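Look at the two complexes coming up: chain A is in both, with chain B in one and chain C in the other.
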Partner chain A sequence: MKILGVSAHYHDAAAALVVDGLPVAAVQEERLSRRKNDAAFPMGAIEWCLDQAGLRPEDLDAVVFYERPMLKFDRILTSALRAFPHSRRAFAHAMKNTLGEKAWVRGLITAQLGVRRDKILFTEHHQSHAAAAFLTAPTRRAAILTTDGVGEWATTTVGRGERPADGPTRIILDREVRFPHSLGMFYSTFTAYLGFAINEGEYKVMGLAAYGRPSMVDQVRKVLRRTPDGAFALDLDYFEFHTSVTRSFSRRFVDLFGPPRLAHEPIDLETAEGRRFADIAASAQQVLEEVLVDLTRRLKRETGLPDLCLGGGVALNGVANTRILAESGFERLFVPSAPGDAGSALGAALYADRIHFGNPDRDIPDHPFWGPELDEADLARLAGEDGLPLQILDEPALIDLSVEDLAHGRVVGWMDGALEFGPRALGHRSILTAPHDLAMRDRLNRDIKYREEFRPFAPVVPIEAADRFFVLPPGGARLARFMSGVFPVRAEWRERLAAVTHVDGTARVQVLERDMAPRLHDLLLAYGRRSGVPVLLNTSFNLAGEPIVNRVVEGYSTFRRSGIDVLVAGRSRIVKRAVAQAAPREEVA
Partner chain B sequence: MRSLLSLVHWWVWRDARRRATNLLRFAEVEADGGRDIVRAAEQTRDPVLRKLFLVHALDEQRHAELFRERGRALMAQLPPGPDGGGRTQWLAPGERGLDDLRVEQERDGSLLAFLHLSEKTAARDFAHYVDVLGHDPATREVFEKVAHDEAFHMTYTHAQLLRVSPEGHGRLLWMARLRRLWSLYLRFAGALAGLIGAVILTLQYFILVPPFALLARRAQAREPLGWVAIPEQRNGALTRQY
Partner chain C sequence: MIRHRGRFHRQMIVLGSMAGSTLELVQGLWRHGSGRRWLIPLAVFLCLTGAILVLAVSVEALAPFVYAIF
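Showing the complex of A and B:
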């Protein structure tokens, strides 16, 4: 069967194509449209997926949308009604926004793709998250927890999944917490309060938290309370996201935590105000972790299963994931490469395949590289036109030269194979540097990523060497496969890994198996032989405000506009003229 | 007309908070415009244009930083107060970026024509701002720097337009002018439609909604906090939208 999954209209639209039970293509619309967090109906992504498989829309057996739009409209309208008479603007906005386009998904898909109406299916938002987490994980039976801002009504669900070798695949979600009580909205409200963009700046809150002390957890527990049945509830007096289209938190929230940070104000951690913001971030982070750990402990007791699959946007919180792994009792924790809404396109397609159509289960290849492949010839053309010398190298020479570049403190733009599906650069569209000194971190922040100083960079390490440098608990390497956990850097290595060690001594490490990205794995080992430390700093190949690069030409334009010294695309390599002419700046210490 | 416009500009830039807010908004617009020009550089097959577009994009990025820094500096001198973003937006348009242009659907010639007119408008606007900012030399200096770059952008886009379309550049410029007018009309029509829609929906809200709001609130009062069981049948059919 040929099933297309689609997610759109909130943030991070995407399409994924499943053929005979296996994904053949999945990509976020932003990677093609070049508009960060593009939420528009993902026509570009759909066309690319179909082209990739050589299909026309009429060849599809089903198109599955990742949530039920009318049920979502029911939630939006009901929320506006409940907030009467304070929801006048929210009501008008919801009516125009939803009835203007978002409610008519069946018609939209029919109009855009020409697919028959009876081929269009709808999963529930959290079913899509659950399927994306469970059906892509290398486990046969697992407990499932999904948690995000909101889909239709559910904000958190728990259940279990089974995919026996000789029986039907099942995903049963047993119970849910309903809007407006939401861990995702709770965290997003603090994100907005701290002056970051909602749905984009949550990881900045997590990074900032490490600089603070959780001195305000009592206040945070006032706004997020536990219920007697072990769930949670927001005290809605502190929030406005359910009644307002412009503001997440109320005056009472400001009374409790003090004035919010304005988006344009820099965070200076040397000042009392900067430390207050860091303390608030630390407190919100700690309370979120406490709730998640408790939810998963209860789920462990209830199911007795060794594995937990985690889905929804909150699963991007690596610090919380690590605590869940350490304290919940689950032996293994699976977080897909795209646990958020983009990944739901794949989840929806897999759910329809296995559960709705009852097709036999198949193991999904355990990697995130479902996007467009590189076209190396593009780099030859671009370099030729701009008069930059291009080298096309065999594998060993490419690795040797790249190691030399990294050892001499150069910043390498690294493009290899197919694009990652999900928000993390996992070795195919990465910026790589030596991880040893803070000057490199500062240079990346200043000249390349143009971002806040407090944000950490992540390391990548081959699995064979991971334990030597990082304190990985049992199951830690698995969690770090898609950079979904944050683990302590061993004390004796923190100085040599200063550029990737966060202020609290941790790192959001990617543990790399050779099968997943052989060329990067070889580079890491070769760099280890050269420097004694087979670890590199790995950050996504993009500039601030832009999505991760996809095609070579985008990598090339990023290389030209930033402080990246060397661009490697497949086996092709170019260097900036200044770098080519300069003497080596510094050797590895 | 010109003196009336000067009066408007003077009024817009007179107030420090409004000035700071506008500068911060300009920073966003410049950054967005820069990203669109990057996209144009990535799309074109013309190496000369690619190089120029990349230089142009870096300029926009620098302008964004200049505006942001000055806006922040002004904001820092002010007592805490409401963020006045958006209130005077229509009075101080500055550059609009390329928000109504799908860069990937444009040919080089039409894109250059559009850019040329945008830069020309921006250069003219910024010259007006320089004229009325005598009381704030630091902000005035920012606009002078940016206006200098805009003059270069205006010149190179015109020169390149002549190169890539020696026969049709006049037609392309007129087409671009008409498109800008059309965009202006759409913006105006959209704002008017939004206003009418808001009035109608507000009337509906206060006339039709109250009984339903009462029912919704009563239902809410009966809803338990915490976990809610998911009925078995919800784990089933995918044909429903609700």
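Showing the complex of A and C:
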């Protein structure tokens, strides 16, 4: 069967194509449209997926949308009426926003793709998250926890999944917490309060939390209460996201925590105000972790299963994931490379294949590289137009030269194979540097990424060497496969890994198995032979405010506009003229 | 390869699908029981409003008249 999954309209639109039970293509719309977090109906992504498989829309057996728009409309309408008259402005805005296009997804898919109405299916939002987490994980039975801002009504679900070799695949979501009580909205409200963009700045809150002390957890527990049934509830007096389109938190929230940070104000951690914001971030983070740990402990008691699959945007919180692994009792934790709404496109397609159509289960290849492949010829053309000398090298020579670049403190743009599906660069569209000193971190922040200095950079390490540098608990290497956990850097290596060690001595490490990205794995081992430390700083290949690069032309453009010294695309390599002509730099490795 | 339709054609298809989607919404509200059934007239009214908005987008000549209603 050929099934297309689609997610769209809120954030991170994406399309994924499943053929005979296996994904063949999946890509976020932003990577093609070049608009960060593009939520528009993903025509570019759909077209690419179909082209990749050589299909026309009429060849599809089903098109599955990742949520039920009419159930969502029901929730928006009901919530607005419950909060009336406070919500009158939000009501008008929500109706205009929803009734223009978002509510009519069946018609939209028919109009855009020309597929018959009876081929268009819908899954529930959290079913899609659960399927994306469970059906892509290398486990036969697992407990499932999905948690995000909101889907239709559910904001958190718990359940279990089974995919026996000789029977039907099942995903059963037993219980749910409903809007407006939402861990995602809770964290996003603190994100907005701290002056960051919702759905974009949550990483920054997590990074900032490491600089603070959780001195305000009592206040945070007032806004996020525990309920006798083991779940949680927001005290809505502190929030306005359910009644307002412009503000997430109420006056009472400000009375409790103090004045919010304005978006343009820098966070100076030397000042009392800067430390207050860091303390609030640390307190919100701690309370979020406590709730998740309690939910997962209970789930472990109920299911008795060794594995847990996490889905939904909150599963991107690596610090919380690590605590869940350490304290919930689950032995292994699986977080897909795209646990958020983009991954739901794949989840919806897999859910339809296994559960709606009852097709036999198949193991999904355990990697995130479902996007467009690199076309190296583009780099030759672009470099030729600009008169930059291009080298096309065999594999050993490319690795040797790249090791020399890294050892001399150069910043390498690294493009290889197919694009990652999900928000993280996992070795195919990465910026790589030596991880040894803080000057490199500052240079990346200043010349390339243009981002806040408190945000950490992540390391990548081959699995064979991971334990030597990082304190990985049992199951830690699995969690770090897609950079979904944060682990302590061993004390004796923190100085040598200063650029990737966060202020609290941790790192959001990617543990790389050779099968997943052989060329990067070889580079890490070669760099280890050269420097004694087979670890590199790995950050996403993009500039601030732009999506991760997809094609060579975007990598080349980023290379030209930033402080990247060397661009490697497949076996092709170019160096900035100034770098090529400069005297050799002092070695940093 | 996707055969791209013109905007008017696409909007007409969306418009044609609205009755089915509205029915789906009404069925959902009805199944919830008496506590939510009172919402049905409002939901249908809003869906009709949505249909008029889609019509205004499809037929630009009608747009000023439609927006004048609001």
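Assume the second predicted complex is superposed on the first by the 588 of 589 C-alpha atoms of A that agree within 3 Å, B and C clash if a C-alpha of one lies under 4 Å from a C-alpha of the other, contacts with A are read in each partner's own complex, and residues count from 1 in each chain.
By our rule, a residue touches a chain if its C-beta (ideal position, glycine included) is under 8 Å from a C-beta of that chain, and two chains touch if they have at least 3 such contacts.
Predicted, not measured: the structure shown is a model, and the values here were computed from it.
Enquirer: Which of the two partners, first being chain B and second being chain C, lies in contact with A:G230: first, second, both, or neither?
Expert: So A:G230 only meets chain B here.
Enquirer: One more residue to check, A:M95. First (chain B), second (chain C), both or neither?
Expert: both
Enquirer: When both complexes are superposed, which of chain B and chain C contacts more residues belonging to chain A?
Expert: Counted on chain A, the partner with more touching residues turns out to be B.
Enquirer: Quick one: is A:H264 in contact with chain B, with chain C, with both, or with neither? Answer first, second, both or neither.
Expert: A:H264 contacts chain B only, not chain C.
Enquirer: Which holds for A:I364: it touches chain B only (first), chain C only (second), both, or neither?
Expert: Neither partner.
Enquirer: Touching A:P57 in the superposition: chain B (first), chain C (second), both, neither?
Expert: Touch status of A:P57: second partner only.
Enquirer: Would you check which partner chain A:V177 touches, where first means chain B only, second means chain C only, and both and neither mean what they say?
Expert: A:V177 contacts chain B only, not chain C.
Enquirer: Contact-wise, after the overlay, does A:Q127 reach chain B, chain C, both or neither (first, second, both, neither)?
Expert: Touch status of A:Q127: first partner only.
Enquirer: Per the contact definition in the header, classify A:D386: touching chain B only (first), chain C only (second), both, or neither.
Expert: first
Enquirer: Taking the superposition as given, does A:Q112 touch the first partner, chain B, the second, chain C, both, or neither?
Expert: second
Enquirer: Quick check on my understanding: which residues of chain A belong to both its chain B contact set and its chain C contact set?
Expert: 69-71, 74, 78, 81, 95-96, 106
Enquirer: Which part of chain A faces chain C closely enough to touch in the complex?
Expert: Result: residues 43, 46-47, 50-51, 56-57, 69-71, 73-74, 77-78, 81, 95-96, 98-101, 103-104, 106-108, 110-114, 117 of chain A touch chain C.
Enquirer: Which of the residues in chain B end up touching chain A in this complex?
Expert: So the residues of chain B in touch with chain A come to 24, 31, 35, 38-39, 41-42, 47, 50-51, 54, 57-58, 61, 68, 71-72, 75, 80, 83, 104, 194, 197-198, 201-202, 205-206, 209-210, 212-213, 215-217, 220, 223, 225-230, 234-235, 237-242.
Enquirer: In the complex formed with chain A, which residues of chain C make contact?
Expert: 1-3, 5, 9-11, 13-18, 20-21, 24-25, 28-29, 36, 39, 42-43, 46-47, 49-50, 53-54, 57
Enquirer: Give the list of chain A residues in touch with chain B in this complex.
Expert: Chain A residues touching chain B: 33-34, 64, 68-71, 74, 78, 81-82, 84-85, 88, 91-92, 95-96, 105-106, 118, 121-124, 127, 157, 159, 171-178, 181, 227-233, 259, 262, 264-266, 351-352, 355-356, 382, 385-386, 545-546, 551, 553-554, 557, 560-561.
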